[in-house]
Structures are given as C-alpha cells and as structure tokens.
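Chain nomenclature is as follows: A, B, C, D, E and F, assigned in order of appearance, with residue numbering initiated at 1 for each chain independently.
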Amino acid sequence: MKLVMAVIKPHKLDPVREALTEIGVTGLTVSEVKGFGRQKGHTEIYRGAEYSVAFLPKVKIELVIPNDRVEQVMEVIRDAAETGQIGDGKIFVIDVERSMRIRTGETGDDAL
Amino acid sequence: MKLVMAVIKPHKLDPVREALTEIGVTGLTVSEVKGFGRQKGHTEIYRGAEYSVAFLPKVKIELVIPNDRVEQVMEVIRDAAETGQIGDGKIFVIDVERSMRIRTGETGDDAL
Amino acid sequence: MKLVMAVIKPHKLDPVREALTEIGVTGLTVSEVKGFGRQKGHTEIYRGAEYSVAFLPKVKIELVIPNDRVEQVMEVIRDAAETGQIGDGKIFVIDVERSMRIRTGETGDDAL
Amino acid sequence: MLPLARYGMALLAVLLLPMPALAEDSLNSGDTAWIIVATALVLFMTLPGLALFYAGLVRSQAVLSVVMHCVGIACLMTILWLVVGYSLAFGDSAGGWIGNLGKAFFSGVGKDAMRGSIPEIVFAVFQMTFAIITPALIVGAYVERIKFSSVLIFSGAWLLLVYAPVCHWVWGGGWMAGLGVMDFAGGIVVHATAGISALVIAMMLGARRGYPEQVRPPHNPGMTATGAAMLWVGWYGFNGGSQLAADGGAGMAIAATHIAAATAGMVWMIIEWTKFGKPSLVGAVTGVIAGLATVTPASGFVGPLGGLILGAAAAIVCFYAVQIVKHSLKIDDSLDVFAVHGVGGILGSLLVSFLALAMFGGNGLAEGQTAVGQLGVQAIGVGVTLVWSAVLTVVIVKVTGALTGGLRVSEDQEIEGLDLASHGERGYDIGR
Amino acid sequence: MLPLARYGMALLAVLLLPMPALAEDSLNSGDTAWIIVATALVLFMTLPGLALFYAGLVRSQAVLSVVMHCVGIACLMTILWLVVGYSLAFGDSAGGWIGNLGKAFFSGVGKDAMRGSIPEIVFAVFQMTFAIITPALIVGAYVERIKFSSVLIFSGAWLLLVYAPVCHWVWGGGWMAGLGVMDFAGGIVVHATAGISALVIAMMLGARRGYPEQVRPPHNPGMTATGAAMLWVGWYGFNGGSQLAADGGAGMAIAATHIAAATAGMVWMIIEWTKFGKPSLVGAVTGVIAGLATVTPASGFVGPLGGLILGAAAAIVCFYAVQIVKHSLKIDDSLDVFAVHGVGGILGSLLVSFLALAMFGGNGLAEGQTAVGQLGVQAIGVGVTLVWSAVLTVVIVKVTGALTGGLRVSEDQEIEGLDLASHGERGYDIGR
Amino acid sequence: MLPLARYGMALLAVLLLPMPALAEDSLNSGDTAWIIVATALVLFMTLPGLALFYAGLVRSQAVLSVVMHCVGIACLMTILWLVVGYSLAFGDSAGGWIGNLGKAFFSGVGKDAMRGSIPEIVFAVFQMTFAIITPALIVGAYVERIKFSSVLIFSGAWLLLVYAPVCHWVWGGGWMAGLGVMDFAGGIVVHATAGISALVIAMMLGARRGYPEQVRPPHNPGMTATGAAMLWVGWYGFNGGSQLAADGGAGMAIAATHIAAATAGMVWMIIEWTKFGKPSLVGAVTGVIAGLATVTPASGFVGPLGGLILGAAAAIVCFYAVQIVKHSLKIDDSLDVFAVHGVGGILGSLLVSFLALAMFGGNGLAEGQTAVGQLGVQAIGVGVTLVWSAVLTVVIVKVTGALTGGLRVSEDQEIEGLDLASHGERGYDIGR
C-alpha cells in the first residue's frame, strides 16, 4: 500500500474529494495546514505596523491506497486541483507497510 | 523505527493516550483532522438552504516507535479506540529511517 | 527524496522557517498539533473543578527534500529549534517514493 | 378618551411634527431621557447588533468585511444626514415630495429648538440612527463579493435618493402622511425600501461563486444569535422611541414589539421542527427578526393581541418567502434581506389596517376610515415605495458600477475572501 | 423623614402595588422612561447576557444549544406570561395564594391603565423580562444532555407552577407580602426558586457523560466574561428598576448592586489566588454574578456599606457552596446554578434582615420589627419557597420525562454534541 | 438667552456642582432617569466594551488576561472609589488641591441627598464608572507581559494619586475649575491622564518580546470592532451624561459626539486607503475611538459643526501620532493608548477654545474670554496634568515594581501567554 499525501489549495478540496470518490476511493483524511513555498504570503498592516504572514492556508489530503492505484490517484488529484497558478501544491507518495481497520481488525488492502 | 499513524474518533483520544501510556509509550503527536470514509457526513439546513458537510471530525495520532513494539502498539490502539461502529478509523504503519531528539541531538531509538 | 517531519515548539516556527530559507529550502508545510511527551501538560481549574490538559501546543513541519540534503536540513532545524529545555521536539525522516508538482506535472526532485 | 379620538390626535401629532417647534412646546425631561436612550439603542442595533447578526452568517474569510460595511455605512450616513439628509427628510416640504435645504448642516437645530416635548437635536440624532440602519440592512444582499468602494457609493446615493424622500413622504409631512398612510416606526420607510432594494442589487450583482451548492454554511451561528439578541433589545428603542414620549403609548408599542418577536421566533422554530426535524438557532433568531420587522409599522397602533397575530403571521409568511426567493426565484439575496425584512415590513404595513381596530385591542383608525379603506391607503403607500425604491436602486447600481469599474471584486479576491482581499485582515488568528 | 418611616412607606407602597391603579395615579414620564429602559436592560440580561455567560462554559459542540435554550425560553415565556402568567402573578389575589384570571391576555392593561406613576403595560412588560430570565437561569443545570423539547415543556410548566405563585406571594400582594417578607428584586422570587429547581433537575437528570473526569473545560471564557459583563450592566435595570421610579431609591439600589458585584468579584479572585495560586477570569466573573444574586433581595433596602458586606459574604459562601455541590454532593449542576444563584439569593434574603438596619446605612425595617424578628420572617419565606419549588420541580420533571420519552438525549447524541444532534448546526466553522 | 450668557451659567453651574446640595434642589425624575442610564452606559463601555476592544488586538494566548485586567480594575476601583476616591475628588476642597475625607464611604450621600436635580448617589455612581474606565484605558499599554498583581497595585495607586486629584482640580471645584479650564467629559481628566501614563509605563516596562518584528497581529479584529461599537454607544452616556440633565444640552453633546466619531472613522479609512491601498476594520474603529476621545472635552460646548471638525482633526492627528510612537519613538505602547486616547484628549482640549465659539455653532466662551485666552488656559490645564500624571506614574511604577518583584512576568510566561501563565485558562478550546 502507498500513502498519497497531497497539499492543495483549500477551495480545491471539494472538487478533489468528488473526483476521488468517482474513481472509487472510499476514504481519506484531511488536515488544515499552512504552506510555505514559491507562492508568497502577504503583509497585514494594523495601525501602521506591518505583520508579515509567511504562510498561506492550504489543505493536506492523506489517503492510503493499494499499490496499483497510485498512478490513477495522482492523475485524478492533479486534474482536480490544478489551477495553473503558483501555489497549486504537491503530491507525495510514501510506502505503507501495514494497515488495519480499527472496527473489524481487517488488515492489508482490506483495511482501506 | 516505525511511524504508526492512526485516525480515530475524537472522544477516543483520551482512552487511547492512557492505554499507550500504560504500555510505556512516552511520546506522540496529535492533529485534529477531518475524515471521509464509509461513515457519511451530514446535512445542515440554514433557512431552508442545504449545506452538505462531507467530512467528520477525527483525530490523527502519530507516534514513532522501535520496530519491535509495532504489534503491541497496534493492538492497544485498536482496543482503546474500537466502538464497533462505522467510522472507528484506521491504523497505518510506515518505515522511519532516521530520528533525532532536538534537545539532545540523540538519534535512533534513543530519540524516541 | 525524503520527508523530514519535525515537531517543534510553536514559537520556534519562524526561526526554523528562516533558517531553512537561508539554506535554500523552497517549500514546507506546517500543521498545528498537540504533543504528548516527557514535557507534561498542565491542569486548569475552573470553579474548583480540575481539568487536566495532557497535550501541549506544538507545530509540525513537513518538508520533502532531495536525499543529499537530509543531513544539512536536520542540522539546521535542530539549531534553530533547540532551546535545551524539555519539550523541544523531534525530527523524523521517511522515504518518499514519488512526488509531483500539481501546477506543472513535474516529478521527482524537480517537483520540490 | 375614545380610541378613535385618540388616534385622531396621534395622527394630528404626526402631521404637526415636521412643522417648526410651536411656541407652547416645553421640554419634558422624561420624554427627552427616553428618546436619548432610544437613540443609543438604535445605534446599538447597527453597531454591533446588525453587524454581528450578518457577520456570523457568512464564511469566516468574510466576517470582517461585513462588519466593515456596517461601520463604513454608519460613518458615511452620519455625515450625509448632517449635511443634507435630515433637511431633505424633515425640512419644510416642497409640495409634499421632499424637504427643502433649510435644515442642512442641522441649521436652526440648536440646543433650544424643540420638537414636541423633546429638543429637536435629539429628534434629529434619533432619526440619524434610522438613516444608518436602513442602508445597513441592505448589506445582507451583497456580502462576500462586493467592492467596499461600491458599498459606500451605493449606500450614500441610496440614502439621499431612496430613503430621504420616502422618509419625507411618510414622516416628514409629505404626501403619504397627508393620505393617512400608517407607518409607526418604519415598515414602509425602513423595511420595504431596504428589502426591495436588496433584492434588486442581489439580482444585478449576481450570485456568490459556487452558489448554491458550494456556498459555506454560516461560520458562527452564536455570533448571529448575539447580534439578533442585540437587535431585539435595541428594537425597544426603534419602535418605543418612535412614540417620541415616555408614556403608555411607548409602553404599548414595546409590548407589541416584544410579543411579536417572541411569537415569530416560536412559530419559526415549530415550522422548522415540523419540516426539517430539528429547530435551528439560526432559524429561531431569523423568526425573531422577521417578527420585529413585521410589527414595526404597526407597533404604536396595535395592542398585545395585535403583536401576537403579527408575530405568527411574520414567521409563516417570511419562512416561505425565504424558500421562494432561494428555490424558486433562485436569487442570491445572501442573508435574506428581502424575504425577512422586506416581506415582513410589507406584511405589517398591510395587516395594521385590521389589527389597529379596537376589536383587536388597537387604537382604532382615523375617524371615518374603515379597515378596507385603510388597506387601500396602505397598499398605495407600499406599492409606490416599492416601485420608487426598485427603480432608483437600478439607477444607482448602474452608476455605482460605472464609477467603481463594476461592483464585484475579481474571482480571485472572492475566493481569497473579502477580509484579506479588501481590508488586508484576517478574522481569526487563533493559536493553540 | 426617619428611616423607619421611610421604610414603612416603602412597605406600604409594595403592599399597594398589586392593587388596581388608584384614581390619583398620574404619569411620571421620568419614572416611565427609566422603567422602559430597565425593561430593555433585563431583556438584555437574558439575551445575549445569560446566553453568552452560559454558552462560554460548555464545550464547543454544545455552544449553540445553550443559546437556543435561552432563545426558546424567551419566546415561550413571553407568550405564557401574556396569556396567563401575568394574571396569575399580579391579578387580584385569590386568598393570597394566586392571582385570578382577570388580567389574562393583559386584559384591562391598556395604554392608559396606571400602576403607581408608570403605565401598567410598562410594569407588565418589565415583569415579563423577569419571567424570562428566571427559568433561563435553570439552563445551567442541564446543559449538554437534555432534549430541547424537554427544555420547553419543563420551563413552561415551571413558569406557571413555580414562578407565578411565588411571584404572587411576594410581589403580587400574596401571603408573604402580608407577612412582611422583604425581597426587593428577587432573591426569593428569582434566585431561590431557580437555584433549588436547578439542583433538583440536575439530580434527576444525572451527570454529563464522563463527569467529572472527562468533562471538557469551558470552551470560551472570554464569551463567559462578556456575558457576565452584560449581566452586570443589565442588573442595574433588574435591581434599580424594581424601585419603579427614577429617584434616590433607585440610585441607592444601583449603588449597592454595583458595589456588591465588584466586592464579590474581588474577593473571589483573592480566594482563588490563595487557594489555587492563580486568579481565573471564570472565577472572577462567577464572583461578580454571585455578588449580584446576593444583593438582589436587599438592594433597595440597604446602603453602600450593605453592598460591600453582601458582596464579600457572597464570594465566600458561594465559593464554598460550589465546592460542596461538586465535590461532596457530587451533583452535576453543570454551571453551578444552585451554588451561585440559589445560595446567593438565599444568603441575601437572610442577611437583609440585619443590613437593612440604619446602623449599616440601610432604610430600616418595618416599624416595630427587629432584625431577629425579620430574620424569622425571611426564613419562612425562603423555606416555603425552597420546599414548594423543589417539590413542584420533581413533579414537573417526571411529567416532562413522560411526555418527551425521557429528558435526556441518547448517548450518541451527547457525544456528538447537542448543536449538531438537536439543532443541526455547528458553532464554529473557521477556515484559515 | 445669549450664547455667552448661557455659557456663563453653565460655567457657574460647574463651579457650583461640588458644593453640598442647595436647599432649593428638587428631584427631576427625567434627569435622574437619564443619568442612571448614562451610568449603565459608561459601565458598559468598560465591561464588556473596552475589554473586547483591547482583547481582540492581542494574540490569542493573552485574550483572557486583557479581559481579566479590565474586570480586576472594575472591581478594585469600585471599592477604592467608595472608600476614599469619591471624597478625594468631590469632597469639600482643601485649597483647590484635593477633596477632604468628608464623603469617605459615601458618607452623607444618602437616598435623599441631592446634587442639582439628581440624587447625589446617582452622581457618585456615575462618576464611579469614570473612575473605572480611566485606569482601564491604560491596560492597552502593558498587555501580554505584565503581572496581574502589578496591574492591581498600579491601578489602585494611580486612581488615588493621579485620577482623583486631577478630577478634583477640574470637576471637583479645584484650581483648574477656578481658572476656567473647559473639560466637558474628560479630555484632560480621563484621556490626557491615562494617555500619558500609558506612554510612561510602556517605556518603563519595555517592549513585548520580539517587538516589533515577531509580534502577532490582532487575533480577532471582529472582537475589537464589537468592543469599539459598544464604546461608541456607551459614549452617549459618557458625554451626554456629563450634562447631568436630559435636555437640549445633553442632546447636543451627543450629536457632536456621534458626528465626531463617524467623521473620524471615515477620515481614518480614507487615510489608510490612500497610504496602504486598503482600509482596514481595525483602522476604521481606531478612528472612531480617536474621534470619540477628541470630542470628549468639547462635547457639551460645541455644535454639530464642531463635532465634524473635531472628528476630522482627530483622525489625521492620531493617525500620525500612532506612526510616530511606533516608528520614531519605538515605544511599545502596545494598543496605542497614548497616540489615540492621550493625543485625542489633548487635541480636543485645545481645539475647544476655538470650536466653542458661536461662529462654529458652539455655546461661546465665558464672558470676556477670547479664544486665544482660553487656549492659554487650556494649555495650562493640559500641561500641568501631563507633568503631574507622568511624574506620579514613574513613582507608582517604581514602587509597584518593588512590591511585586518587577512588573514583568518571566520570559517563559510571556512566551506561554498570560492566559495560562497568570490565570490558568485558555481563551479558545474549539473542537471540530
């Protein structure tokens, strides 16, 4: 199994989730994160004092999938999350050794 | 070392932490996440407009442990987090190559 | 490529980011997390009722980097995040098999 | 005194009000104390009441922009009201259509000028708070997507071209007052004008991006309820203060107001409970506000029973009005300004014809007037106001759009949220 | 005038109040202005004051439900008070036990009916706001686990069976008034009734799931402090308004009220500082509220020094009462309604016997009455009220439980939180 | 009556006020109603108004501590004012410098003692709310880094050594009153004293850790705007109440106040829009508060036009004052107390010399006085107050530091945030 971890723009979360559901992905986990990258943060001015906010709001998606679906999942995420503008984010793939569904105790691909 | 990453129901966090402490786990990191899976979200109605909230509040636990403890940790998490109802969550295990304690610079299993 | 995942004290986020920027790291992702470790939480008393808060606010940094930069990045994070006091946090390194920049479709080290 | 006679006198008083202070007017410190406080209460309705009520309903990336709209409107309307608005509304009438400029810059409104038993300056500031909240009501129509410059220009023009004339017609001794139109505290002057204009600007501006599927639910219903509670409390000043005296009439206006609010809140809860299975907080307080808007034109003319009936009618009619605007007309009047305020104000303005009758515990109609006759008068008042407001709003929106290069922000800015895009601020920076 | 004579007159006035307006009553616009505003202030105490005070203390998944309880109660109590409650409390007395139905639907309470120097309609609405806040106080006992339907049924029955009778006994010319029980603004009528009923319903309902170890700390102490501040401000209307006039008596009531609040806040801080090492905001404002509840029955009878003593006593006694209920009795009266409001109200109702003496700067007792004698009278008033309220609450809870299939929501719903489970809403949807 | 004569009478009234009630004083219930409500409004300004205004501007780990400072100050100042403060300020004058102790513990201030047309107890509590808000204003200077014990000791000493004397000089029949210094509602007594003391304590305490680069932006601008709105509403009571009557003078004071607030808010928005490209909510409401502080000393002496000019001047001058303190002086007066309140109060205290002239719609100056002459008088009043306040603040800070082992918390506690470190609480515990 592989863990696909994608960092995307917040307003792309719904499209990505829908696209993944369509290809049969049944589970994923989402975190609200702050991103730092080529796309720069912004400056806020309050009463003349400048506060530079280096980080931008992003959403991190983590989903574990069987090995043979990695290609397709990456494709689908990219299609749904792309705007073509800087800051669109990244997709990373990491190997997962074991998995278990807490409710049933199933393991391996069955747990996903 | 292995990274055990578990997604569980929020009100199970305290029991899981206590169970892990009992078997001698000394550190873990927790994130508030939103989950999408077999357990479905809900619909909110405000003034007649429906808003479908696809995601459910979950808690993600990450802890890095020596290789030989993986079995036991998975067991303990499962026991403490199980309710038998849909949405109980998952446990994933990922290999960790290196680790370091920032305070002391210790590495490997000593850093945990 | 490697995923470096560091859990640090919240007020060390800015120094760490700046130190990483200086050595040419161009992207990272930050989550607000709660940590449990040797450093203990605290007790809050409201109207005589004690609430023990087991977790402390921490910040988790995730950045994916080419293999040859791991050593340096760990060093730099440690230098910037260290206070010498309990609770400074950990650095973990995990192997990343694939990566992709959503905007361009670039993969591998080019995607970082 | 007979109810009819009393009403006749009230009407007479209304007609006399716009006139310069009469020689025999002398200060009543109790009345003055009450109207000063009522003024504070009506300001409190907008800031922070309405601001919180609306701000809780938008997504968290636009919470500040909504508050900013209300603050900006409060500031600008104050200045305009001082410079020319008060005079247009309450200056000597030019043929019943508009006040002249004799009171521009509050000229002649010194400390000693009187209006009935209270200083005219107190009356002028009391009315100023009405001139603030009315354009602020429209904010709910255009949240999350409008330029701040457009808000200011639109609201300023709207105050002078829509609010001031209608206010003059009804309360400033204009032609509607002459006709006998009954509007105690602003069903026509405030709620009908703002409500229909909200609908028009929402249509012209277009819906929020992703509407209706991807719009976010209210980000902070507790904030909305807090604002609604403040509106409820402040409405005592709005309706009770419109009596311009601290007497049984003010007390009765407040009684009717309070009862209508509570009844409408209760009925709205029951409707939601029946239809959706759960009564929501956002729904309950929407009901309260609908009840308050509906009782407004009637408050000084009806009794407690009138309040009860108005409240129940408000909840039922406004609940369905919300559904119709959203689901049938598919207009993104985002925070339901028309369906709640507009429809409520119109409803109350019509129902008062009956509920003011003594048989419902009201003060009675003008001598010789029948309920049906009064209904006709009310219908004229409402109808002309709706047409005038709608037409002028179209014109003002067009001109504003031309001046500000379109009313809407760019799509990127809308996605980012108005707080950062237009004001450079974020609503919440909450660390753990 | 001698203090005693003054007090005698005050007592006389209290006894006369329930009577129909006397022929010689004429409107005092200053008094009327003040009581209208006081009415607004007391409404403000419940909405949003009490709602925020309580909502900040629960976990974030139940914040809206607490506000909803307060809104629902405000709506329903208003209707019940109009229909029959006011008449039961202030209608002509049936043997000193309960008012008759002569004032049902505010019948006879027209614009011109007077009560002392103010219109009776103003008095009726002022009292309505008391009838709203009293059952709303009980909300703190059952948060996070009760059905909304149970809240409404319980509160409605409680208003008619507990509040209205006791209110009649003390303020409506009933037997306690005849006995000479002193309760200026509601130590017995409001705080003792609500406090003991809260304790009873908390026991019958059972504790929150996971209580006491796994209960969450207050999710938003700043919200609680905001609500407490509003309660403090609104209490000027509660206690000062109970004078029913804008005079030195109202001023003195407010002085005592304010001083008691501040002193209790300060003393509570000091106790926490000493005992726990840190003074907390939640503690400080709890002290303020304890002081306010405690001074309430005494406010119009004591001087500034009385306020100071009542405040200090309130903080000390209520602080330990909280500990006892939580740690010794182990009752999950979740937001300490009994320990703060109940105990405070009882304490003040007893202490007034002494602090009303001229030697403490008070107005003195009724002619011929001694402090100890008055203490006996007060003890009877308090004791009967506690028994009556407790017994009736048991009955009402039983019946409500039968009607709504048990008062508690299911365990799943409790875990999910009442906001989503009962109202389909979430308190905070804050994106970054 | 001629403006000048009227002003002469007003001045006479001011001079007479500190005297014991005159035989012919009789209660005016309208005036009393208004001042009671004004008292509630001024309390509302501090709690929750100022508390929210300030708390929204700090980082989220210190939100509660700011509220706690305000609550703690409200409690302690109340007690001190009762015990001795009122008497120092308004007791019989010892040579124009300070009041004697004749009114300690409000002695002689019974229900029947009068002050003009209102009970003296009402006046004493009205002034008590001023004695609360003035030291609370200083909170903005030392947030996020001060010990709570230091806050209490500093504020208590400051009340007695700075506020009470200056209050006596200006309003208590002291030497400034004799000199003819004009300060209607506290430009000198409130804003100049608090402003300069804030600057001094900020300098002595040192900047927040990481200032200026790493300081967090305001964590909740909506909370700040809510507080500002409450301040705006409450200021009606602050300035309008200072008339001590419900009449045209109070009405005009409120008109000027409201217009100044709105104008300053508008102008501040425009300045930010021009300079930074975006008008911010925090900026707009800062402008509003600057306008309110600036109009305060002038409010009862000027007309609407005066309000307009004062508002515009306030925004321009205070905006640049903020820049200067931050960027040139580099003082971490964290929430700009000096630049907004201090500078505003001083500005208004000087400008009133001109704007009170009849040509600007004001009431005119004392007979025989010229604008330039009055400016000299005002400059003396302001100058002496600034020196006195600054010097005494230095002394009090030193002594407080000695008593509490330094004013600052440890660096660790500052990093952790005062909420947890000093009060053991967290501001937000919001689950998803």
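By our rule, a residue touches a chain if its C-beta (ideal position, glycine included) is under 8 Å from a C-beta of that chain, and two chains touch if they have at least 3 such contacts.
Remember, it's a predicted structure, so these values are computed and weren't measured experimentally.
Looking at chain A and chain F, the chains in contact with each of them are B, C, D, E. Chain D and chain E touch with mostly distinct residues; of the residue numbers seen at this interface, under half occur in both copies.
Computed from the mean C-alpha positions, the centre of chain A lies at a distance of 52 Å from the centre of chain E.
A separation of 17 Å divides the Cα centre of chain A from that of chain C. Annotation for chain E: residues touching 2 or more other chains are 28-31, 33-34, 37, 216-218, 221, 246, 276, 278, 280, 282, 424-428, 430-431.
The set of chain B residues touching two or more other chains comprises 14, 31-32, 34, 44-46, 53, 94-95. If you draw each protein chain as a dot and join the dots that touch, every dot ends up joined to every other dot. Those residues of chain E lying in contact with chain C across their complex are 57, 212, 215-218, 221, 272, 276, 278, 280, 282-283, 286, 319, 322-323, 326-327, 336.
Interface residues of chain F facing chain B in the complex, by the touch rule stated above, are 431-432. By the touch rule above, chain F contacts chain C in their complex via residues 214, 415, 420, 424-426. Residue ranges of chain B in contact with chain E, taken from their complex: 11, 14, 42-46, 53. Taken in their complex, chain C has these residues touching chain B: 2, 6-8, 31-38, 54-55, 58, 60, 70, 74, 77-78, 81-95.
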